[in-house]
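Single-structure report; data block below.
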Amino acid sequence: MSFLQINNVWKSYGQAQILERLNLSIDQGEFISMVGASGCGKSTLLKMILGSEVATKGEISLEGKPLVAEPDAERGIVFQKYSVFPHMTVLQNVMVADEFTKSFLLGRCFGSARKQVKQKAESFIDAVGLTPAINKYPHQLSGGMQQRLAIAQALMKAPKILLLDEPFGALDPGIRADMHVLIRDIWKKNNLTIFMVTHDIKEGFELGSRVWVFDKVRHDPQAPMAYGAQVTYDLKLDTDKTPDIAALTQKIAVN
Amino acid sequence: KDKFSICWSIYVGWMPWEYGDSSGIIKKWADKYDIEIDVVQINDYVESINQYTAGQFDGCSMTNMDALTIPAASGVDSTALIVGDFSNGNDGVVLKGKKSLKDIKNQKVNLVELSVSHYLLARGLESVGLSERNVKVVNTSDADLVAAYSTSGVTSVVTWNPLLSEITSQPKSYKVFDSSDIPGEIIDLMVVNTKTLKNNPKFGKALVGAWYEIMSTMSNKKVLTHMAEASATDLAGYQAQLDTTKMFYSAADAVSFTQSAALPKTMKYVAKFSFDHGILGDGAVDENFIGIETPEGVVGDKSNIKLRFNPSFMQMAADGKL
Amino acid sequence: MKRLMNIEPSRFWRTFLTIVPFIVIIALYWSASDARLAENPNDKLLPSFTQISSAIDRMAFTENKRTGEYLFWQDSAASLYRILLGITISAAIGLIIGLINGLLPGVRAGLSPLVTIASLVPPMAILPILFITFGLDELAKVMLIIIGTAPVIIRDMQSQVMQIPKEQLIKAQTLGASTWLVTIRVVLPQIMPKLLAAVRLSLGAAWLFLIAAEAIAAQEGLGYRIFLVRRYMAMDVILPYVAWITVLAFAMDFSLKKMSQVCFPWYHHQEASK
Amino acid sequence: MKRLMNIEPSRFWRTFLTIVPFIVIIALYWSASDARLAENPNDKLLPSFTQISSAIDRMAFTENKRTGEYLFWQDSAASLYRILLGITISAAIGLIIGLINGLLPGVRAGLSPLVTIASLVPPMAILPILFITFGLDELAKVMLIIIGTAPVIIRDMQSQVMQIPKEQLIKAQTLGASTWLVTIRVVLPQIMPKLLAAVRLSLGAAWLFLIAAEAIAAQEGLGYRIFLVRRYMAMDVILPYVAWITVLAFAMDFSLKKMSQVCFPWYHHQEASK
Amino acid sequence: MSFLQINNVWKSYGQAQILERLNLSIDQGEFISMVGASGCGKSTLLKMILGSEVATKGEISLEGKPLVAEPDAERGIVFQKYSVFPHMTVLQNVMVADEFTKSFLLGRCFGSARKQVKQKAESFIDAVGLTPAINKYPHQLSGGMQQRLAIAQALMKAPKILLLDEPFGALDPGIRADMHVLIRDIWKKNNLTIFMVTHDIKEGFELGSRVWVFDKVRHDPQAPMAYGAQVTYDLKLDTDKTPDIAALTQKIAVN
């Protein structure tokens, strides 16, 4: 039995068929990069794994059980934007992750419980390198630092799965490289299963242990929305052996 | 100057102006004297007097008290050209569930403050040996008095018709004092600017002439129905209001009322009431500050006459000289 | 010569230009008032500044002969109490219903159309119904303010809640938050500065309804006094009262602004750095 | 069970939930009206639906005997004319002064504080002054609407103009545009959808001022009629008039929204894709 | 006499000294890349050359005459964002550049004048590769396409100087490369003098014929705003000989 199982999943919005016939199984600890043209449904699949969207047909199961149909603490997420709380400092942003589950009524801890949460939060903030900015508000942070913060938040809940939707899409190239180091590190240390959508094919190959390429295999020129995308390439990358990215890129672009 | 304008507001005694305007009687008389008279209805009574006082109109319908406290107190020399009627039960004090005026003691009284209702209340209280200190006056807009009366917090009101009859028609409502107890004290007038009248007697003649022609039609059911509808009621309702109004259908009656000795006495009361409530203005040192001229003599300061009761035009009508 | 749009007046000129219109208005009034008073010294329409100041003195600094009170302060206290109470309740209602409507699709389906329609009913037109329902006392005046302002605040809050990026709400859920915790820890704090802004926007309407309510039935209050003395055209009282209401409106607006800046620095810095 | 915030009612439930509150309100009214009428058949406060519909028939579909007019339509036409004229002039003033204020720092220094203060003066309080200044004709009613709504629109337009990125204005200048051309080709078209939005926001206030003005001085109009029959507490006329005003307010709001979408598609697409 | 001359220019905002003692002369046809830490005053210098800011001390002269102190058609600009008009289509955006000067009253051309302007606009739209999107509104374009549009607009006026303030800062890496090709091409073809601010040092060296590095040479820890930045390195690049960027970056970073 695999860790996450996607069984004949279809997804449409109204008339528009977005995804069709997805059959994929994922093992624990994989790092899956998802690439493909804009609007082909990568984020949609991510949302279905997250639970904020429901498949029109088919089923996704986690460790043999059907997925909970709404977001929960088992699955962490980092969006391209807006995934931190603007009214909280870095420390509060991270602490709140534990406070949500520790205090049902107020969502705040006090006294020794607070101390404990704070310590834990500080260690995760340190892990993403935000200690110097611990008392700053998100708007005082650069884009990269905000994404680090979003990752630290997600790690607090020790999720089984981490979902990343173009997490580095809005960052400067220099900063992206740093973030790659960070996320790779976190993946290895926490034995996470990661799904990452990216527009940068190179990034996808660099980070992922497996790459999914999304594309439509059937086209109806009269009804462009009649068919959905599928995973046309499912490449398991041997991390020792760097693949010929340029050639692959070429190949994908032709599709 | 041969273009004049007068304003009026909806009230049983002033509806004839509406009829005169829409039936063309006023135009007929204006044409006779070769002038133009514009008749304008104003929804809000106080606003109409303010407009007159500010000089926007040459004449305006109002009560004797308001003529004293608004135009006269503002230094606008005004003449009561036509004495149309006096209230004879058209204003009243109503109590909820109590039948005697004495029971008003310690109640909240809803009324339009500083209006003739307020005056009526003061006269009523006086008649049973109470004073305004024994009640609590709550200023309430006339448009909302009927609605206000149907709430439990309101136990006594002072108001005029048609509101009065609306209110007394509600169960357990008793009219304990009304203007028929002080006959001739609440007088409805057509007031015009003295200076304008002096320079243009034609204006006065045309208005008075038209008024008494309208008065002569007031026995006609059609005319009354017209007036009733213009005031948003029906013939029966309007007739009921007329019953509590002492209309001077004939000019001679109006003249003799104006010439009676009761008028200066009434105006003395009114001036005293107004002064006590601070509505004669800053300049007033006592109730005699403003002079009021009546055929029976001057009330107040002779050197500061601002309100004149002048029956000479009505006399002309009585004599058929218009 | 520079383009007009590029000409920035210096600080001196800016101050000068700011003051000029006010001086012009005062001068115009003065001359008009003088002209009218020369013609009729008892004219009440445009009182002189001496008359106005003596009216202020009479209302604010002299005991009223009849009641022994200082009318001006009594009126101000009554009106301020009503407007503050009304707007506070409005804000509370707006916040709570707006939050629920914005956050819970199920409730929104039921309440949102009702609120939309309620916000379109002109409160002035249904005054009789209001009186009969709420009586003529303080409650009615406060209710008129609430009915006049709450639907707008509710709608504003609802749309503000719905504008919070869905990403944040989903993120909070992935951190284990319940609907309640999302509401009080994620949405509520972010919506508070918007609430203050909405309240500032509806202050104008609140004053309007207050004055309307006081004009209809009251024993004291700024609006009551204005409409009462209108009966004898005492513009020397009306003008300072209007000025005073303007000052109060400004002070309330200003203190809400300051309060927002002090309580929600993160919000204002974020807005400024946009 | 899902979290409350994640429960999206189906289309059927949504429609159902939308309708329920209205049905409840009508039912409540019905029973209350029945109860009152059973006690006193002449009660006017909560007329029965039969009474209301006969009042509608009388006002809208029967020639008035006295004037030969259909009062309801005459009132509607008069009020609509006034509010449309008032709000159009307000919008024009708001646009022009807002544009100038927002774009020219020199003018802004002089006018902006004046407008701010003017927007704080409660128009209700200066109603007596207004009537005396502008007389009692149509002009006064329209002026009250203008005075009540224009300052707010001006301030809104000014702040919207100032929110246009400076980059665009500089860019236009590097393309050779004069202040005038920047105004009409860069700023004006971008501000137009905001103007429509501002007008929509001030419609509520416009109705309020219209009703207040008609209550004091008018011979026809929806507000006039309500105040006239209010003296007799003819709720059978007031209720349909209030409902009609609500419908008109909704229709105006809706058509402004549609108009904006039709005239400025680029703006709405841009907002939607944000 | 050089093309553009910066003579002892100082700039401060209130108490804060931003730039000091700038003495630089630029020849026609140079492509100057400006790099330096955030907030050191690169955009401020650009704005002074543009004319939207005035130097506190010193003077800038163009072809021997003092610069016009407000933006005009001699100097084109492309900002990182907001430099196109959102309410006009691509074609209108470009046409308006000529309409501004041809029609003083309406800012619109009609009839044959319009035809002429349209033709010219189309050729520039073609030059930046936007012909397929000619009737689209800016919000329908990607970030890169919007920047192309901004460049086409600027080119319509045949400016002597083109100023670019982080023109590619918000673009995806793949798109950046395309833009580099474009701007280089335009620079060469139009004999433009270009000033470009960038955060990406590599980009600066890749594109520029000359690189200015901004930094503060004096620091007062007690009063961090007392001193302004200067151009600490002024490197003329021989385009044939690629410099050792890595080494230079290192060197700059140390400062």
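Here the chain labels run A, B, C, D and E in written order, and each chain numbers its own residues starting at 1.
As a working rule, a contact is a pair of C-beta atoms (placed from the backbone, for glycine too) under 8 Å apart; a residue touches a chain by one contact, two chains touch by 3 or more.
Treat the numbers as computed from the prediction; the structure is a model and nothing was measured.
Asker: If you check the contacts of chain C and chain D, which chains show up for both?
Answerer: A, B, E
Asker: Where the contacts of chain B and chain E overlap, which chains show up?
Answerer: The common neighbours are C, D.
Asker: What is the chain whose Cα centroid lies farthest from the Cα centroid of chain E?
Answerer: Computed centres place B farthest from chain E.
Asker: So which one's got more C-beta contacts, C-E or B-C?
Answerer: B-C
Asker: Round to the nearest whole Å and give the separation of the Cα centres of chain B and chain D.
Answerer: 38
Asker: How far is the middle of chain A from the middle of chain B, if each middle is the mean of its Cα atoms, in Å?
Answerer: 83
Asker: Report, in whole Å, the distance between the mean C-alpha point of chain A and the mean C-alpha point of chain C.
Answerer: Centre-to-centre distance between chain A and chain C: 47 Å.
Asker: Quick check on chain E: which residues sit in contact with 2+ other chains?
Answerer: 70
Asker: Which chain B residues touch at least two other chains?
Answerer: Answer for chain B, listing residues that touch two or more other chains: 50, 54, 143-144, 146-147, 150.
Asker: Quick one: which residues in chain C touch 2 or more of the other chains?
Answerer: In chain C, residues 3, 6, 45, 127-128, 132, 173, 178, 215, 230, 233 touch at least two other chains, as defined above.
Asker: Per the contact definition, I'd like the list of chain D residues that touch chain A in the complex.
Answerer: So the residues of chain D touching chain A come out as 2-3, 6.
Asker: Touching residues of chain C toward chain D in the complex: what are they?
Answerer: That would be residues 3-9, 13-14, 17-18, 20-22, 45, 103-106, 109-111, 113-114, 117, 119-129, 132, 152, 169, 173, 178-179, 182, 204-205, 207-208, 211-212, 215, 222-223, 226, 230, 233, 235, 238, 241-242, 245-246, 249-250, 253 of chain C.
Asker: Provide the residue numbers of chain D that touch chain E in the complex, in ascending order.
Answerer: Touching chain E: residues 165, 167-168, 170-178, 180-181, 184-186, 189-190, 264, 266-267, 269-270, 273 of chain D.
Asker: Which part of chain A faces chain D closely enough to touch in the complex?
Answerer: Residues in contact with chain D: 69-70.
Asker: What residues of chain C sit close enough to touch chain B in their complex?
Answerer: 40-45, 51, 54-55, 58, 66, 127-128, 131-132, 135-137, 215-219, 224, 227-228, 230-234, 236
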